[in-house]
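Taking it in order: structure first as structure tokens, then the write-up.
For clarity, chains are labelled A, B, C and D in written order, and residue numbers in each chain start from 1.
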Amino acid sequence: MTDPDIAAILDEIDSDQSANEDRGKVADYIPELATVNPAHFAMSVVLANGQQFSTGDASLPFSIQSVSKVFTLALALGRLGDRLWDRVGREPSGLAFNSILQLEHEQGIPRNPFVNAGAIVVTDAILAGHAPREMLGELLLFIRTAAGDDAIHINENVARSETETGHRNFALAHFMRAHGNLLNPPELTLGAYFHQCAVEMTTEQLALAGRFLMNAPDMPRLVSRERVRRINALMMTCGHYDGSGDFAFRVGLPGKSGVGGGILVIAPGRASIAVWSPGLNAQGNSKLGTEAVERLARRTGWSVFG
Amino acid sequence: MTDPDIAAILDEIDSDQSANEDRGKVADYIPELATVNPAHFAMSVVLANGQQFSTGDASLPFSIQSVSKVFTLALALGRLGDRLWDRVGREPSGLAFNSILQLEHEQGIPRNPFVNAGAIVVTDAILAGHAPREMLGELLLFIRTAAGDDAIHINENVARSETETGHRNFALAHFMRAHGNLLNPPELTLGAYFHQCAVEMTTEQLALAGRFLMNAPDMPRLVSRERVRRINALMMTCGHYDGSGDFAFRVGLPGKSGVGGGILVIAPGRASIAVWSPGLNAQGNSKLGTEAVERLARRTGWSVFG
Amino acid sequence: MTDPDIAAILDEIDSDQSANEDRGKVADYIPELATVNPAHFAMSVVLANGQQFSTGDASLPFSIQSVSKVFTLALALGRLGDRLWDRVGREPSGLAFNSILQLEHEQGIPRNPFVNAGAIVVTDAILAGHAPREMLGELLLFIRTAAGDDAIHINENVARSETETGHRNFALAHFMRAHGNLLNPPELTLGAYFHQCAVEMTTEQLALAGRFLMNAPDMPRLVSRERVRRINALMMTCGHYDGSGDFAFRVGLPGKSGVGGGILVIAPGRASIAVWSPGLNAQGNSKLGTEAVERLARRTGWSVFG
Amino acid sequence: MTDPDIAAILDEIDSDQSANEDRGKVADYIPELATVNPAHFAMSVVLANGQQFSTGDASLPFSIQSVSKVFTLALALGRLGDRLWDRVGREPSGLAFNSILQLEHEQGIPRNPFVNAGAIVVTDAILAGHAPREMLGELLLFIRTAAGDDAIHINENVARSETETGHRNFALAHFMRAHGNLLNPPELTLGAYFHQCAVEMTTEQLALAGRFLMNAPDMPRLVSRERVRRINALMMTCGHYDGSGDFAFRVGLPGKSGVGGGILVIAPGRASIAVWSPGLNAQGNSKLGTEAVERLARRTGWSVFG
């Protein structure tokens, strides 16, 4: 596979996906996100040798939402190490991203760090002893360092919009607090959580920020090789909520999606891939984004499964 | 990593695991399996170049139980192709291997081909229009071809023992029949299912039988490259029931376990690994077997995650 | 309230209900029942003084189905006393009549004797040490004695039809067997269970058979006063599956429904009431039957709630 | 049954229950309640002729907690009539009093007005357009009128204690708000809810306050006869959470319990009964209180079931 091929493949995908009329449904439960134009499409790839390729609206920032959970997980593991796993599991949930059922069955311990409840616990764990502002500063520093771009920022309007309408996340947080699995007041943890979800990036920035998960020699080394593997493993089994099995089956690479329509996908040792298309499928993952990555994986032969 | 290392690693693992006193609990709900000595331990590795390594009781046959689901899935996909997915999903269940909860919530469609209900549907799909004897003959032919060993057989005593005590599987089968997702009479499908679970193999044979999942140039090609990837993906996300996330996290390789204490693990492009230790952990997977594979993966650096 | 009023009320109800076009849906999962004409309507009342009133098709036999559970419960309590409650609970399930969810959560102990699983356990408890033929003979004797009518019989075609299609009940039985809460082979217990459900009665016969639950001085005394109260209590809280709360709210009397469209209702100290209309509501209870009893209760002022 | 008998029965019950060492467990999740002495026992009866009987600590106020739900339900039905049932069901839940599972399965509509979620909706419905202070004033007026006692009040310490620790109720409220089934901000509705639960009464006052549910000629008529029946029906099927079936079975009368250890029980047409003993059974209902009412019912023959 030589470099020009990637450029050609991306062009081909962009051309087809831009014309695709079955674009899924833009998330409407966060008012600020509901207004995003479903016609957007962007895809960026960074290879292990540092070469970058992009297509579509790759310079347009979008709300990364739950893709941020990858970065907070890396931060939390750096701070707490394996103690984090006392408070959150490592298993797929078999349920929707915002389900509360499992919490009742399993005494307030979320199934994994990528469902909402789990990500709230991870944020709560990082917060401990810090003001939300500090924690968010540290998170932005991590992301900016990973991407090599100091312009990455948080969209306050989106954060505010989520705070006002995020009753389901408040329910999750209070429920875990009732079980003793939230150390800070729900308002405080959720304030930080809604802001972390409101980080905005372009696919170019996101693909760069994902380089540290490649475990490739010339890429930034922000966490240990062993920890990268574990984060990738969690992305594979839990990164797409109740569509994780299907993503692994179709794409064969670890990835993490967000309701803003972005997905970060890692081809270990080979590439960091970011895709964005706002319309979602039934499981809450970007519809065209998933199809685009599936196609890229098939054309390049990138798969962790042989 | 040169060949002699594998031999040394296996010896080291065998030595430690044989002395390990925390061996888990032998499955007791199938009377014939309850009598197996928990002191057994065996591990075999076949490399992509064909070299074989073994340690422990690697010539002693054990009941492969649910590891057989990998072979029936390959058979069923060969016969039905993607139509199989109309009757069974591709998502982790977040529940125990023999849970019936999900079937009620999702109208008799099992979550994936590796939970019991899903495997029963796969067997039912292969059966259609055949006598159980024919289907089992075909399955044995597949496994014997994969392993290159005609001595592999079914233990009738184990099959009979499961038939007499497999009330939970009967419940699953009748429940799916009530939802129209079982084409044959429950007794017929379960008769075939209990026999397929009663296939006996040594770790040497099982590691050989797994070669076709390596996607390595010199290995037997029984199904297409693309299909191998998909089977490996399902093993990664669903192969260890409600412990699949943890196995992916700790080991980083696709694997399928059985309550007989066996696990088949694939390092794509590199190795096929079989391990056996009868004692199980809380999720129903071989306790020492999982630890042994985790150690092998760490020592060799084999991981699909970079 | 003088006697002639009952006759007038019944006529009025019959007249309105016969003209009612919104008749619910005849159960279609038992082929023999699916052919019943939804136009039928019948209602019979026996007062504490022995007076009888009927309207509509009150001489036409119908399949009493789950109404039989009242009689088997009375039999089982007579034989086992409070030991029965070791194997079945006394709480409403909050789930459909044939749900298997609760059994998994509560280790094979059904919630109450009126959901299918619970009734199967009750039949299993009566069976112990008897052939199904004997148990069914005893049940028929009990019902015939209660009704004072030796013509009451079992419809073999309906029993056979249920045996062939009752996969969901087989699932329940095998599941309980797996938990050790079924003493006889599932086939045996279900053979008896399907026959008990296939008892046929007219509303005249059913109202007479219900007299022993009135706890009125001149009525047949088949079980103790205290036990009658307890059976009535279970009918109130659990007699209409997941519509029991609504029936108590609207009608205010204990009752037990069957998917054949029959309901037996008791006004303690005052009347035994049987109604039949084959069409069912969403909870699986007779739609017009429920409305008819609600109207009768309102017109007569019969309510246990003051 | 003549009047002196009641006095003798109460004495006998009090004597036995005061000596009973198996007193259940005082609720500890509300700090202010956790300090209550489990040795308390009190019971009061008001007959349809107005006669009053009491025993034990019948002049000692206790926190009525969920018993208050009966009064708010009566208030809400008076204001909204049957429109209330658009927002809350009438079925037993088959789950714990504070479970959130059912809300997720049934889109934020609580099963009945007596589980926590349902009671929060009822309070929310009364609140609409009022300040909590007004709503609470109206509730106190209703209870004081019912009891004929202006001294009944709210314990602010208990209300505050619940506000600080009621994370599970906050979870329920936010969850329903997310489903559009809460009209006021969660903080506002819960503020009113926690205060209503903090009403304090003696058993003497509570038995008097329950007179309007007797449907007896000389008793206060606060709501229509038909509505009283319906409230009693809901108390029978849902008044003791997941112990409602057992209470109906053992006692045979409608009742409503609270985690403060109080129970209000109605013998329609005959008596209003209040009992208090702080220790709870596994279902969260007063252990000795339930036993005491069971005994009273057996000795008096009061049962709605014949």
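Convention: contacts are C-beta pairs under 8 Å (C-beta built on N, C-alpha and C of every residue); 3 or more make two chains touch, one makes a residue touch a chain.
Predicted model only: the values in this text are computed from it and were never measured.
Touching chain A and chain B at once is no chain at all. Of all chains, C has its CA centroid at the greatest distance from the CA centroid of chain A. With each centre defined as the average position of its C-alpha atoms, the distance from chain A to chain D rounds to 47 Å. Annotation: 55 Å between the Cα-based centres of chain A and chain C.
Each chain gets a centre from the mean of its Cα atoms; for chain C and chain D, those two points are 32 Å apart. Chain contacts: chain C has no residue touching two or more partner chains. The touching residues of chain C, when paired with chain D in their complex, are 89-95, 102, 111-112, 213-216, 225, 228-230, 232-234, 236-238, 242-246, 248-249, 252, 254, 266, 268-269, 303-306.
Listing the residues of chain C that touch chain B in their complex gives 99-101, 104, 167-168, 170-175, 177-178, 186.
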